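Read through the structures below before going on.
In what follows, subunit A forms one complex with subunit B and a second complex with subunit C.
Up next, the complex of A and B:
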């Protein structure tokens, strides 16, 4: 019962944080920095989507991507896979920072990151792996 | 053997016969084996069973918790040791069992080891199995161990191992030295860590190790021979085996001396190394590496490319040979030498390339060294580079050169007083440059532009790079189209970062309009052009701010504009721009006189506020006519997006072949 109450309480906190930032932050703000990061991420997506589909890479609850099962990728391509994941996460960090900075509130970064994490998971295609409560599940 | 506190109990049944004898002790120790609180029970009825329980069995550094020892003392005895857990520094084992079995070979027992094991700190348990035939003279003859297997969810490592205790007479020693030879064969092994960043597939190879004791330490030798399989060790990837690593040295606590290490890689060459490692402090007290006549392509593919995959050096085709040596003490580099012999480097994306590249790059922490490098020919983008030879002095972490000449097309760049240094892990450099005139003809041809006349000639005053920003002091001047283009106050912040920011001012004077219009096939305008671009700001190489004016200069020269140029200017002015051509009769004239022509743009963000040479109600004048026949072009759209301005320019320069005059 206490776990249930704690869960409901957490959900409320989450919704409050979500609706607050939604109301306050412009998530579609476009500065040259944000546009450059978005363009780089878009270009990378073509390479990453095959890995999402195969389950080698999944979306984490923190708004990043992670290698979920490297064994699906031949050894000769593991270096490239690690590089892609690393670059994507660097860009995602820059994206969250950039949007927060463009809104004039660098301290919103964490909140913006949480909202994006939900968005990415929501937008994930069926068959992709997403992380929920520390566990990977197929969407 | 030492036994402390022994108690003997006899178990007597109702028929007054002794059935069991129990012996317990506080501890029994033998060599480096300690059995704590053992309790042995001998079953007198079968006469063959001894069972020993203990609190702990200590074998060297390993501890077995609650061991149970079953000894069957028949004609073919067996000894079975089981325990709940084995603890050691790096590994944990649970349910380990050790079985010594004399049943098949009375003189050669079989020793079987089984356990579930994992590395301390790892989460996954794997199973380990090994079966050894113990030779009759265990301390002198070879132990053959077969069916070795380690496996877990990610790994499957089958192996067999041969261990031979040795006694040999070392040079100069009177007594025999004890030693050991180990030969380990791995067959079709596969392993991976959880992230898959350290993994091997189909690995087959052999490891031979031998060591013998000397008065003051151990002399040892190792040979690693990997014949097939592939290995990924982030970020390096090695395929197809063909690797051989020989290593030998001496061990005397706490120093491990690697007197000779030799790594042979197929397609690369051989690397030699010497080092002294302090095993306690984990420091490299000394490290030398040298490799002669190695294949540059092999070294690049195996070691350099994975490290620089994302940089401009990440996709090169290289060839040639290289000699390389390196010396360090406590990981502080002392000496370095790289000698590249007749190499060629070509970027796969065609950005740059050099052929017949030679370099001699010595470096010494203690004293300055002269470095030299050069190439016979090369290119950057499509611009060809002529034969180049550079010399510079390198002093610890700085490099200086009074003069560097870079032949380029039919001219050259002359760098003077170049100096660069690594300070606090970031690069600082400054340079001056003079230019030997480069003809616009060769420059435009190289870039595939329309052929231009004139020449690029100029000088770059001091340029400095520090704190991730490039700054130019003074004005850089180019001579173009018989006039001058100057650039001043140049500053580029974070040129290699995610969002480079540039600021600069430009001015143009005495540019021959006839030359420009002929070059770009724009129609023809005679006269001179001048212009100023104040506070040009680029973010990510896109303009976001500027105050730009370009206009014809006043002066006693002919001022004529052709019909076609008028049409093009009208198109540049965009929607709402009207040439006040009284088309009915003016279309018969090929050219018109003008007083002045000009355009302004105040760019703020993506929006350009347009202007001309004069204002008129609701608009501005772009071409102000003079004389007879005269023509005026007016613009009426004041705010235009920068994207539209660019696409208009594109259209005008692209579509010059179809000018229709009605």
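Up next, the complex of A and C:
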């Protein structure tokens, strides 16, 4: 009887560990919500990339974008630029939340954001401004 | 005696269940760790899609089927003694 119970318990533990190992192999980034956010960000990138290049907008250590130097943009476009940056950051928040939720762990949002922050900066093209230790630096 | 023993083993069984049940949260706790490597991979994929980057430079292009514009450009390996003979020691 005791052997039986212990056996069942051990089997359960192994199953739990194994199913987790499989789940950990990849994070799910393909929910409709995440796909919608990605599509919106992809479309917005066409507008933002010029601002990254000019140095008007940079990538922050928190995994967001920020207006770094508004004076590089004509006065008439600054309102639109602020809107773009705002929308991008809203979508980025939704992206991090969405990926965490898609994998059943909403509490992972912060960790996911931290990793994205590093990867955005790492993948930024040369000439773009990125934040490192609170300072803007040009890649 | 027989009855007493049955009781004993029953109690032992319950004690074992209690101990194992106490161990279960440990099992679950180990299970819920943040998969950093998987997250990094996912981040790369998502960023490549959003910024429309080629999926990493680490994909070597196979030039095996590239039609040569001028066959004369292909330099044959010169095996007429340009290589020094292997030393035998």
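Please note the rule applied: the second predicted complex is superposed on the first by the 111 of 139 C-alpha atoms of A that agree within 3 Å, B and C clash if a C-alpha of one lies under 4 Å from a C-alpha of the other, contacts with A are read in each partner's own complex, and residues count from 1 in each chain.
One rule holds in what follows: a residue touches a chain if its C-beta (ideal position, glycine included) is under 8 Å from a C-beta of that chain, and two chains touch if they have at least 3 such contacts.
Quick caveat: nothing in here was measured; it's all calculated off a predicted structure.
In the superposed model, A:26 lies in contact with subunit C only, and not with subunit B. Once the two complexes are laid over each other on the shared chain, residue contacts for A:45 go to subunit C alone; subunit B is not touched.
Contact with neither subunit B nor subunit C is seen for A:84 once the two complexes are overlaid on the shared chain. In the superposition on chain A, contact of A:59 is made with neither subunit B nor subunit C.
Of the two partner chains, neither subunit B nor subunit C is touched by A:121.
Of the two partner chains, subunit B is the only one that A:36 touches; subunit C does not reach it.
A count of residues in subunit A touched by subunit B and by subunit C gives the higher number to C. Looking at the shared chain after the overlay, A:130 reaches neither subunit B nor subunit C.
Looking at the complex, you find that subunit B touches subunit A at residues 154, 192, 195-197, 199-201, 230-232, 234-237, 239, 306, 309-310, 498-499, 539-540, 542, 544.
If you check the complex, the residues on subunit A that touch subunit C are 1-2, 5-6, 9, 13, 16-17, 20, 24-27, 29, 34, 38, 41-42, 45, 95, 99, 105, 108, 111-112, 115-116, 119-120, 123.
Taken in their complex, subunit A has these residues touching subunit B: 32-33, 35-37, 67, 69-71, 73, 75-76, 78-80, 82-83, 87, 94. Per the touch definition, subunit C reaches subunit A in the complex via residues 9, 12-13, 16-17, 20, 24, 27-28, 30-32, 34-36, 38-53.
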